[in-house]
Structures are given as C-alpha cells and as structure tokens.
Amino acid sequence: MFFHDSRLQYEVRVDNPNPVFAKYLQQAIGGVEGEIRVAMQYLFQAMGARGPVKYRDMLMQTATEELSHIEFLGHAVALNLEGAPASMQEDAAKDPVVAAILGGQNPRHILSSGLSAMPVNSVGTPFDMSHVYATGNIGADMLANATAEAGGRVLASRLYNLTDDAGMKDMLSFLIARDTMHQQQWLAVIEELGGYKAVLPIPNSTPQEHEAMEHSYYFCTTSLDKDAPEGRWTSGKSLDGRSKFSVRKGEPMGQEPSLGKARPDSAAQSEQM
Amino acid sequence: MFFHDSRLQYEVRVDNPNPVFAKYLQQAIGGVEGEIRVAMQYLFQAMGARGPVKYRDMLMQTATEELSHIEFLGHAVALNLEGAPASMQEDAAKDPVVAAILGGQNPRHILSSGLSAMPVNSVGTPFDMSHVYATGNIGADMLANATAEAGGRVLASRLYNLTDDAGMKDMLSFLIARDTMHQQQWLAVIEELGGYKAVLPIPNSTPQEHEAMEHSYYFCTTSLDKDAPEGRWTSGKSLDGRSKFSVRKGEPMGQEPSLGKARPDSAAQSEQM
Amino acid sequence: MFFHDSRLQYEVRVDNPNPVFAKYLQQAIGGVEGEIRVAMQYLFQAMGARGPVKYRDMLMQTATEELSHIEFLGHAVALNLEGAPASMQEDAAKDPVVAAILGGQNPRHILSSGLSAMPVNSVGTPFDMSHVYATGNIGADMLANATAEAGGRVLASRLYNLTDDAGMKDMLSFLIARDTMHQQQWLAVIEELGGYKAVLPIPNSTPQEHEAMEHSYYFCTTSLDKDAPEGRWTSGKSLDGRSKFSVRKGEPMGQEPSLGKARPDSAAQSEQM
Amino acid sequence: MFFHDSRLQYEVRVDNPNPVFAKYLQQAIGGVEGEIRVAMQYLFQAMGARGPVKYRDMLMQTATEELSHIEFLGHAVALNLEGAPASMQEDAAKDPVVAAILGGQNPRHILSSGLSAMPVNSVGTPFDMSHVYATGNIGADMLANATAEAGGRVLASRLYNLTDDAGMKDMLSFLIARDTMHQQQWLAVIEELGGYKAVLPIPNSTPQEHEAMEHSYYFCTTSLDKDAPEGRWTSGKSLDGRSKFSVRKGEPMGQEPSLGKARPDSAAQSEQM
Amino acid sequence: MFFHDSRLQYEVRVDNPNPVFAKYLQQAIGGVEGEIRVAMQYLFQAMGARGPVKYRDMLMQTATEELSHIEFLGHAVALNLEGAPASMQEDAAKDPVVAAILGGQNPRHILSSGLSAMPVNSVGTPFDMSHVYATGNIGADMLANATAEAGGRVLASRLYNLTDDAGMKDMLSFLIARDTMHQQQWLAVIEELGGYKAVLPIPNSTPQEHEAMEHSYYFCTTSLDKDAPEGRWTSGKSLDGRSKFSVRKGEPMGQEPSLGKARPDSAAQSEQM
Amino acid sequence: MFFHDSRLQYEVRVDNPNPVFAKYLQQAIGGVEGEIRVAMQYLFQAMGARGPVKYRDMLMQTATEELSHIEFLGHAVALNLEGAPASMQEDAAKDPVVAAILGGQNPRHILSSGLSAMPVNSVGTPFDMSHVYATGNIGADMLANATAEAGGRVLASRLYNLTDDAGMKDMLSFLIARDTMHQQQWLAVIEELGGYKAVLPIPNSTPQEHEAMEHSYYFCTTSLDKDAPEGRWTSGKSLDGRSKFSVRKGEPMGQEPSLGKARPDSAAQSEQM
C-alpha cells in the first residue's frame, strides 16, 4: 500500500521560466526514457516477481522512489510555464522571440493542461504502457531496467547541457546521480546472481535440447562487401563460458517459400486461385 | 544498400497447422520481443552510429539477419493458418473445438490478411516504432539490445514449450540459438569497452560536476515497514569502482509544491484565481 | 440515416491567416476536447442506448450537430493556412518571423494535407477512438458528456484568448455558446432522473449486497504528514442520501503478496524456481 | 514524496484460478475505466492544481490510494493465472475446455509477462496516458473524475456479475464501495463550490462578451423526421440560472465553403490549379 | 451542415445472435477497412478539396452515406450481442461452447460498452485517425479511396462467408453492393481526368526538372538469385506514355555513410568522441 | 534472406545542415507516406502472396529497394542535424533565429536520438504498423501500393519545394523518380490482369449472389440542397462493364433501431431496465 508526504523528494527551483524548456523537460516525465516508465516498470515487475523476496522488495522500493521523481519533475514543468505566452496579439507576432516561443512551446501546455505538466514526452506524445517491460525473468528484467536507467541518464545529461538555469541544473544533477545508482543497482543483481557466466543465456533455464547449439555462438555475416567486424564477439570464449565465438558467412539454409493458390472462400482475386 | 535471396535463412516446416498457435507466434514478429523490433532497432542504431566503424558494421549486419528472421517467421504463421476456419456454420458452432478456434484465433488473420502474417503481436496490436531504442550512446544501446534479445529468447522458449509440432520446435530451437549469440554479442561490446568499470555510469562522458555525487551510490529506502533488501547493491565497491554502496532512508529534501492562483487568461474556475 | 446541406452551420471568416494558429485550432477538431470526439461519443452512445427513447434521440441529434462543428472548424483551419510558408529559401531563413513560423507550424499541414485540416490535435497526434466513452449506463454517459463539453468550453475559451482575429473570435464565441448548452443538456438529464440522490452511486442498479458498504462513505487518508482536507466530503450526509461521510486513516487491510517460485515451463531464471 | 507498506490495502483471495477471468480483470488495471488511469489522473491534476490548497491535497491523497488499488488488482490477476495452460499438447487440443482457455486467455499472460499482470486492458491494449484528463479547471476536472469513477463502478459491478469466485467477489465489493465514495467525493467539490448554479458554465471565468449568448440555451434539432425530445433541457430555467431553455430548429447560418484553386507549390494535380 | 433521419439506411435483422460474430463484425466499423475510416476520410478530403467543386460535393455526399453505414452496422453488432454470456458460473465453465464464447467474445462488449458496438476493430483496437488519408492531391486521394473500398469489399465478402445468419447475409450483400459502386466511383474520377496517361505520375504538376528522369522507368532488381519478374512493368510503353519500361540491376550509387565522432555535448560514451 | 552492401543506393549530400528540415524530412522515413511503410507493406504482401509467383518476387524485390531508401534518408537526416543547437544559453535565447530553431526542431533529435534519424514522422509520431496494408487480394494490394507511392511522390515533391539545398534537391529528385516507377509498376499489374474490366469489383471472386446487385451501380445522393454532382460516375457504362451508372436519391430503407430495455446484469441505471 502506498503513502505520501507533501514535500518533494528534492527541491525544485526555476530561476528563469522557459516554456520551451518545459516542453523539452516533458521527455523526462512521459518519454520512454522518463520517470512514468520506470515507476510503472518496477511496479509491474515487483507485482509479478517470483523467487527470492528481496528482489521484489528492491523493485517496489525503487518504484516508489520513481513516483517521487515524476512529482518533482511535474513541478519543474509547471514552474517553467509561468508566464508562457497565451495570446497571438498583433505586436506579439511582430516580436520574433515571442513568435518563436509561440511556435516552439507545446500548444497543449496552454490549451489542454492550463500551464502544467502532462504525461507526454517532448513532442507531446502521451506515454503508452507498452513500454513497461516485465517478463517474469529476473535476468531479462534487470537488463531492461539498466537500459531504462542508462537512457534516463543520457537524457538527464542532455537536458543539463541544454539549460543554463541554475535551479534546473541543480535538480538535473540530482537526477543524474540517482540514475547512476539505479544503473548500478540492477546490474548488481546480475553480479550477485553470478555474473554473465551464470546468468547467460537468458533464460538460463531453457534446456539445452531446446536449442540448436550449433547456431549459438557464431557471428553471422550478411554483408556482401565486408567481412565480420572483429572483436570480443568473433573469437575467444563466450561470455557464458559454454563455448567459443566464431564467424560464419550467412547463407540461406531454408526453402524458397510458397503458399500456393488462394482458397476460394478467402476473397482473393480469381486469378490467384 | 539491401539485397535479397529467395530462400529463407532457415527451413520452416509445419506438421499440424494450428491457427491459434499462429496467433501466439505473431508475438515473435510484431511483439516488443519480436523481430521487427530488433531489425529496426539495429538499423536505426547503425544509421546513427558515431565513433569506431566496426560497431556500425556489426549493427548493420545483424539488422540484416533479423530481417531474415521476420521473413521465415512470417512464413511459419501463414503455414499455421492453412485450414483455419472461416465460417460460423451451424454445425461448426456445435463442435466445441471448432468454436474454440473461431473464438481463439486472431479474427484479422481471416478478415484482414487473408490467412497470412501481420505486423502485429499475439493480441493483434500493431507494432509501433516507439520501441526502437537508439540513443546515440553505445553503452545504452548495447544494453537495450541485450534486453531485446533476452526478451526474445524468453519468448522463443515459451513458444517452444507451447507447441508440440516438431517443425515448429525445430525452427524455434534455431531462434533460441541465434538469440543466445545476439545476447552475447552486444554484451561483448561492453566487455571490449572495458566492462562495467569503464562503461558505467552511462554516459561515461558526463562531467562529474554535472552530478550530485553525494546521491549517486546509496540505495534509497521508501518502505515504511521494511529495511533495505540487502545485497551486492547495499555495500561494497560500486560496479564502476568510483565509490562504495550504502543505504539511506528516503526522506523529503524538497519543498511542498505550490503554484498559487490561476492566471485570469487560463480558463480556470474563478474560485481558483 | 444522415443527410447534408452544403452550407456551414456557422459562418467562418479569417481576417489574418495564421498557420501557427491553424496548428493550435486543430485541438478543437482532433483533440480529446474536440469535435470528432463528441460527435463519435454521442453517436456510439445513441447506437447503444437502452431504456427511454428520448435519450437516444437527444444523443443522435446532438451527435449530428457536432459533425457540423467538425465541418466549420475544418474550414477555419484551411483558411488559416492560406499563405503558409512552404519553402526554406535562404532569405526566408534569415527572416526570424518566417523562421519561427516554419518551425512553429505543423509540418504535416504542408507535407501531408496540402494546407487543410487533419483529424489530429495541436501537436499532430491523430485522434484515437479509445476516447469515445459509451458505457451503456446513462448516468456514467451523461457525466462523460458533461466532462467532454466542459473540456471543450475550456479549450474554446483559451483559443479565444489566444487569437486577436475578429473572424476567429466570432466563430469561437459561437462554439463557447454551444458548449454552454451542451454542458447543461447532459446534466439536465441527471436532474430529470432525480438528481444525485437518485442517480448515485452509478450504477444505481448494483445490489447493495454486492457492495462492502462499510467502505463506501469514508475519505481514506494516505498522507503521512497531513490530515484529511476537510470539506463537503468529510462529514454530513452523502450526496445520495444513503449514508454519512466520515474520515478514515488509510492502513493496510491485506496480506503481503507472495507468488512463490516460478513454474519450470515459464522461462524464468533457474534461481527463481 | 511517496512511501510504501508491504501489505496490500485489501486482502486478495482467489479460490478457483481462472486465466480467462484474469484477462477480463485486466480491464480494471489498464482499461480506461481502470486504476492506472485514475491514479495518474489525480496525480497530474494535483501537480497542476492552482487555487485552494485543500483540493490539491485531496487529489494527491486519493491518487495515492488508487496506486494501492493497482497493486492488489495486480496480485489478483497473478493469482488467477496460477495453472494457466502454457502448452498446446495433442491431448490438450482435444479437450475443448482447455482449447477454449488456450484461445480465450490473453496470450501475453503466457508469452510476455510470465503469468502476471500487465498494464493493459481486457483485450490486451496497453493503457495510454492520453486518458489522463487534467485541464487546470477544477470544475472540468471534478466532472472528469466523477466520470472515471462512474465508469469504474460500472466495470466493477460487471466483473462482480461475471465471476462466482467468492474471493474475487469479496475484493470487487471493496472496489465497488470505494468507487461509491470517490464518485461522491468529486461531486461534493462541485456542491461545495456552489453547485451547478455557481460552477456552470465551465469555465465560469469566461467573460460573457466572449460568448454568443443568443446560442447558449437552445436545444438544436437536427432531425428531419422528429421533433426535439422534450425534457428538462427544452424548457424551464437553465441549470446555471442565467437563462431559459428553448428549442430551435437547426439550419445553416454559414456560407458554402470554398477553398478555390490549389497553390502551384502544393503538389496538387494540375487540374486543381 | 448535417441532418439525420431516425430510420436506418438499410434494414438490419439478426436471426441468431452471436457474440463472437459481433466481435468479427466490429472490423467493418472500426477496422482500417471499416466505415468510420471512409466516412472520415471522405469528410476530410471534402473539407480540403481545391479545384472543381463537383469533386468536393461528391466526396461530401458519400462521406454522409458512410456515416449511415456506421449506424446500421452498429445496430447489427448490438443485436448480435443479445444474450451474450456475462457470467462465468460454474456450470457455464463446464459447457465448452459457453466457455468458447466467453473466451472468444470481445470482453469489452460485456465490460465496457454494455452490449453494444464500439469504435474498435475485431481485435478490440480502437480506430485511430492516422488512417484518414487526405493529401490535397485528387489523384492520390482517389486511389486511396478506391483502396479503402477494395479493402472494404474484401472484408464484407469474408464476413459474408463467415456467417450463415440470413439477416446478416442480407445486410452484408448490401454493403458489398455499395462498395462495388464506391470503388467505381473514385476510379471513374481518374477516368474522367484522362486516365493514367493524364493523371500519372501523381502529382502530375511536379516539374520534370525536379525529377531524375533517368531513374523513373526501370524496374530495379535487388535479388541475388533471381532476375526481374517479367511483366507489363519490365518492357513496353509506360502507363503515362512518357517513356518505356526497362530493367536495371540494382547496385549502390552512393557513398558508405560516415558520421564521424560524436559531439562532446551529446552524452555519447567517451570512446565515441 | 537479406544481405547488405555498405554503400548507399544513392548519394547523400547536405550542403547546409538544417535541423528544422531534418524534422520535416522525417516524414519520408516514418510518415504514412514514408519508406518504412512501403518497405514493410511490400514485405508482408510478399510473405502472404498466393497465386502467380512473379508478383511475390516483384513485391519482395521492391520491398528490398525500399529498405535502402530508409537507409539513405536516415543518413540525410543525420547530416542535417550536424550543428543543431543543443543548449538554451542566454545569448542564444536572444538570437531569434536560434530561438526559432530551438523551438522548431524535433526535441527528440537532441534528447533521444543524439542527432540522428528516428522512425517517426515530421511531428514526432512513431510509425505504427497498422499502416501496413496487405489483404491477400492482389487487386486491393496493388491499389494500396499505388496509393502509397502517390502519397510518397506528393511528399517528395513538397520536400523538394521546401528546401533550397542542392544536395537535398538532388536526393529528392531521385526519390521522385523512383516513386514514378513504383506507381507505374503496381498499376501495371492491374493492366496485366485485364484492367478495370477484369479486376473490378475487387474481389472479383465474390459470387454475384452474395451481392445485392440492385444497389451496385447508383450514386446515392445525400444532399438536401444539391443534386448529384454529374460525371463519369453518374451515367454510362460502369468501369467493370457489368452494368450502367445511375443516380438515386438516398432515403432510409431500414427500421428505426430499438434495443429495448437494458439487462438486469448489465450495470445500467435502473431507469433503463
């Protein structure tokens, strides 16, 4: 069960409100790299967690932290919208900076939300929950979470570079820090479970007889004019220690597909039957 | 530039066509764990790749392989739809197994595609390209790719368990094998770049002064009735070697947010102004 | 069956075409507060109406009126796009106002529609029909309709504030007026059915034994640092007259959830089994 | 800032797990009538609340409660998936009830989530955040919230009718009860603000000179073969007390629209220029 | 401006209500091949029509007819839902045909709409307006319309084959007929404008100097193991009479792309810079 | 099976990078008129092709060509993003042209992709695969393909008009040319199959007794104030040679719909029962 404290997890200060930055900042709320995504992803993973309880607890506690991130970012967006232009008056249209803001801000910040945050990204696309990745496999889920946090820290770093508002920089430096920890945290689970050697291939419970092992460790080239790019993945021991990497030239092993004629009841053209 | 050979990368054989399995199999084509996703994800990452050329090449070659996976899976779906029931005739309605198939198959396999594969998942939702993760940061992208392949191998394993058609099991064992390699391949890039120690935190180019380092290495508890779940992430050296893990009880560090009164031109209720 | 008259329901005049305003105006066509939504919502409610015929008739007649609103708004968008810049010529790029328009207009007004209205909102997101709320319960539907019209009138008021084009202001004042009536109209149905006392709780046909009545009339606090915000909802008679409002401190009444181990056939990691 | 207690807000018990009911139950999590929607809607309304603080507090506290509803419903879905069929073995295919379940369950409960809840509705469509209605106008928002709770209670009542599992009926009776309160709660705000008379038309801050008042209080007929359906909305005082209802036969007041010829640079056919 | 007559354009009779057929039938309402799509597509094309008025009139009149198709199909869905099972009672679960229907029907027909039509397709996906194709080019639009009607008649033919309900067959035979006319109607515009010779290439107003004519009339082979499939498109006069068809072996004419190093402010990994 | 050559199908040169043009150009990648759409549409049509093999081959070869178009357009977008502004520094905000670019570019080109192409359109909406039209009917599919190429050439022509960058104009002139061929190519299939006379009505395999032929060849008027717009479609032989065109005044042929009372178990209001 969830509870709430009226104060924010971190302080939000906006020295120079900027409605265009408000639009950009939305990416951290409703973007695929944003906080709604991780809050919901960790929540659904926690609700579906099977196996050692501590992973469930960890997921739920961090899901809860992410909800608090939505909250302070939402406040930051609203503060950036203070003073946003809401009219296309004649002289405004003649001031090119105002014109640029009128064109550059998210119109729905004026029209739909009344100058506050929305669950959308920086181009106004609403977040959709298909981005909540939760497979029931802890290895896959930890990678998904580390991915989300890597994307999140990339985004926060770019937002940091974008603004020169001291308050916003301060808040973003906190986000950058928490994303550092969260990346570590999910990858630490993989370490704890034995690292790549034990965890890979995911799922590690798939019986070997379900796998065509002769195809499991070669890099398949598909280039007509280049060889395989060489690296850790073309030779040497595989990360899971089960085999060795090699290279194989891709070539068709299957048939030319054919579906024959169309069925009479399938509303094809008669020439297809 | 792309080219094509008429034969499939792998042979497809369906011994007992099953339209309900066709519906399930769609998850491997148009699901977020499916082949359209990885083909397009690697393609867009390749097109945006900056830095060492070999990663671009690797991405493009595997993108090309994944296109071939779409192709043979598409053929598998079509073969499973041979003989799918396309009528609700009276006696059919009385045969409960036929009734179950009529209810259980994807109606659009009859109505929209004329008995062939569609770019949708197992519940008929079309794939949408927001799931193509490509950040321009090779660390984030490699994790995203390993995630996608982990999800893919989990899915292929579940499909393998679901069917008892020998042809389908054979094809899926190939997919399981290639997903093994692809997981390895992307994580091997991280190894090559120095492993977690060098790669984390992602992006590793964010200047330390952009990060509130005092918040970067503690697990933040948010539970009212439980302590931090202990593990690799609560004590000991951080994975990037920059610091040590610790635990900190979550508590509000910010203000209670307040937006004050509504603007007269914002169409709020007058009681809000 | 529907019919059409070539003239618009209301006159549309645009004195100073403005492609950025055209983008904003799209919210009234394809936004969730827009006319496609209400036209389709009332149509589907009418088609599913059970019970007294007059409500079906009312819904269908107003659905028909809303179709006419789409039509004149579509004309308004097209007229605002007259003269929209369709080239990035060098000198244009140097004129900051032209640059602002090129950046600020909806690119698809140039690229996709050829300077006319689209069924999208002000950030270009196509309307999707999941926003057609029609439950088959007349109480729920009337509230949904009043909500839609409230959002519509908020939007029209904001658009009115945004423009200083006399023609557009005139058209919007008509929309504001019709939204006034439509708000009234749907809430008047609730009045006619006996007001809150008779209509609530929706559905009023749910047998009392299906409801854990001891949980039906208290405000549940979930704040750790604040009491319940006091008001009409914390004490006094409930709006349906069935009970009295009270306040209760939220606390867990359920178990700590546990799903145990993962199934062997579920492709979890072996550590979860 | 948010916090969490490991126990559920309400107890969840499933006597006879039913994967088809699990699919239906998803509507209460990820449907437009479901808990993610209200949790997020109240959260975003709270974050954008301007005016009296107590409404912000109320919204935030109930948002927090709704998060807890997601949590116990998620557990209920997982418990209903215990024992869900994950294989299409030959004899299974011959048992029509198993066949019906294999066709009738959500395939992604097997393939994607590993037997746990997902943020999707009963047909597997992921929740998308465009359904978070938050206008910044408290009147519009309270109606939107009452609508959401009306839809929620309609849904919970239907789910109650659908199952005969005693544990599920008990849990749903709690949901029905809380939806009763939440309907009351939001409408009580409208009462407190003075009822329809004071609150309507929403927004009540739109200056009268922005409204073509002569069109504000008539029911507009658009039927060719029927008169206006008579009721509270065709005569008598308007709900806001500002005017009287009347009826007016719809007829075109505008021009026949004409856009003239296409621009040469607009890639129309030459016959259009 | 639109008007309405209470009677349907065509009679709807359902002899044996079938909730699974109701689900299939939804494809004709909210599918991409369905009536909402064509109604809205023709409406938006009409609203954006430039050039000869008669095409605008034709579009608007047929848009209006399609609205009437939505209406009678909506009634057909509702009639098919009469008697749909809304409970999972124990004995029902033992009757495999009822079980099949419970699994096979659209759950939202029970849970969300209360036994009536929804603006969704046969797998429950809501129609989204991105499928409204309206380019402002009459040639492109007429092809889009003929495509929509071809898809519509394919669908109606498949639905006809699927049912053995005499009433439904009668209604579908009317739809099949109207789709015949509508296909003709849009292609007749192309005939009237001079046929392929005059209309192609679309847009026919693109100046020849904007086109790299040397690439305009060859079939580009991309197969590694097959020649060009020969036909009307590999030799002989082009359909527009401007040139002759030929075949050319596809080969790269461009550079190997390279983006160089990443920018320091772009949050790439430092190894990319 | 697919293969790849490292060089692009066509050379890409950008003389003056322009991030706003990059945003516009995205329409040709991820728009409904763009290259992902046609690549995937032809691929799925090929995979489902039944009947003469040569059409399958043709579809697959052109699908492969379109993949190459995605690739060079993706490079063009990345090159246009060179030098895109990634900061809102104080003096930048004072330069109105920079301000216009900051507002006018796609924020996700900075925040999400790190200055490279994305699978989205010009307003940032990700491509969704519901736009892959593949019916299994070759007539319907060829029309869909001609439509896609008509839309594509309209788009390319508009982009050509929009830019004055010589490199971009050159690349677009190649696209315009290939779209010319592809339009021809798909329509040439219809010619080869016998033209409209043989191909229409689509599907031409629907038995005449499934069609209410008395409704198949009249233009149905629905205007209250205008006659049928006269043209090729109102009189003379039908395009399929089966009948003659005529005009008929639309009028209701069906009943007034009625659904009666609501079911007690349907959670309607009691007044509806």
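Order of writing sets the chain letters: A, B, C, D, E and F. Residues in each chain are counted from 1.
Rule of thumb we're sticking to: a contact is a pair of C-beta atoms (placed from the backbone, for glycine too) under 8 Å apart; a residue touches a chain by one contact, two chains touch by 3 or more.
It should be emphasised that the depicted structure is a prediction, and the values quoted were computed from it without experimental measurement.
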Partner chains shared by chain A and chain D (touch criterion as defined above): B, C, E, F
Chain at maximum distance from chain B, centres defined as averaged CA atoms: C
Greatest separation from chain D - chain, by CA centre: F
Self-contact between copies chain D and chain F, residue sets same or different by half: same
Angular offset of chain A relative to chain B [C-alpha, multiple of 5 degrees]: 180
Distance from the mean Cα position of chain E to that of chain C, given in whole angstrom: 26
Whole-Å gap separating chain E and chain F, where each centre is the average of the chain's CA atoms: 11
For chain C, residues that touch 2 or more chains besides their own: 1-9, 32-33, 47-48, 50, 53, 57, 60-61, 64-65, 68, 71, 75, 78, 86-87, 96, 99-100, 103-104, 112, 114-116, 120, 123-126, 128, 130, 135-137, 139, 154-155, 157-158, 161, 202-203, 206, 222-224, 226, 250, 252, 254, 257, 259, 262, 265-268
Pairwise touch network: line, ring, star, complete, or other: complete
Contacting residues of chain F [partner chain C, same complex]: 18, 20-21, 23-24, 27, 31-33, 96-97, 99-101, 103-105, 121-125, 154-155, 158-159, 161-164, 222-226, 250-252, 254, 257-262, 264, 266-273
For the chain B and chain E complex, residues of the former touching the latter: 1-7, 47-53, 86-90, 93-94, 96, 99-100, 102-104, 106-108, 110-112, 114, 120, 123-126, 136-139, 193, 199, 202-206
Chain D-touching residues of chain C, taken from the complex the two chains share: 3, 5-12, 32-33, 53-55, 57-58, 60-62, 64-65, 68, 71-72, 75, 78-79, 86-87, 114-116, 125, 128, 130-131, 133, 135-137, 139-140, 143-144, 146-147, 150-151, 153-154, 157, 160, 169-170, 172-174, 176-181, 183-185, 187-189, 191-192, 196, 200-203, 206, 210-224, 226, 228-233, 238-240, 245, 250, 252-257, 259, 262-263, 265-268
Residue ranges of chain D in contact with chain A within the complex: 1-9, 30, 36, 40, 43-44, 47-48, 50, 57, 60-61, 63-65, 67-68, 70-71, 74-75, 78, 112-120, 126-130, 132, 134-137
Footprint of chain C on chain B - complex, ascending: 154, 157-158, 161, 265-267
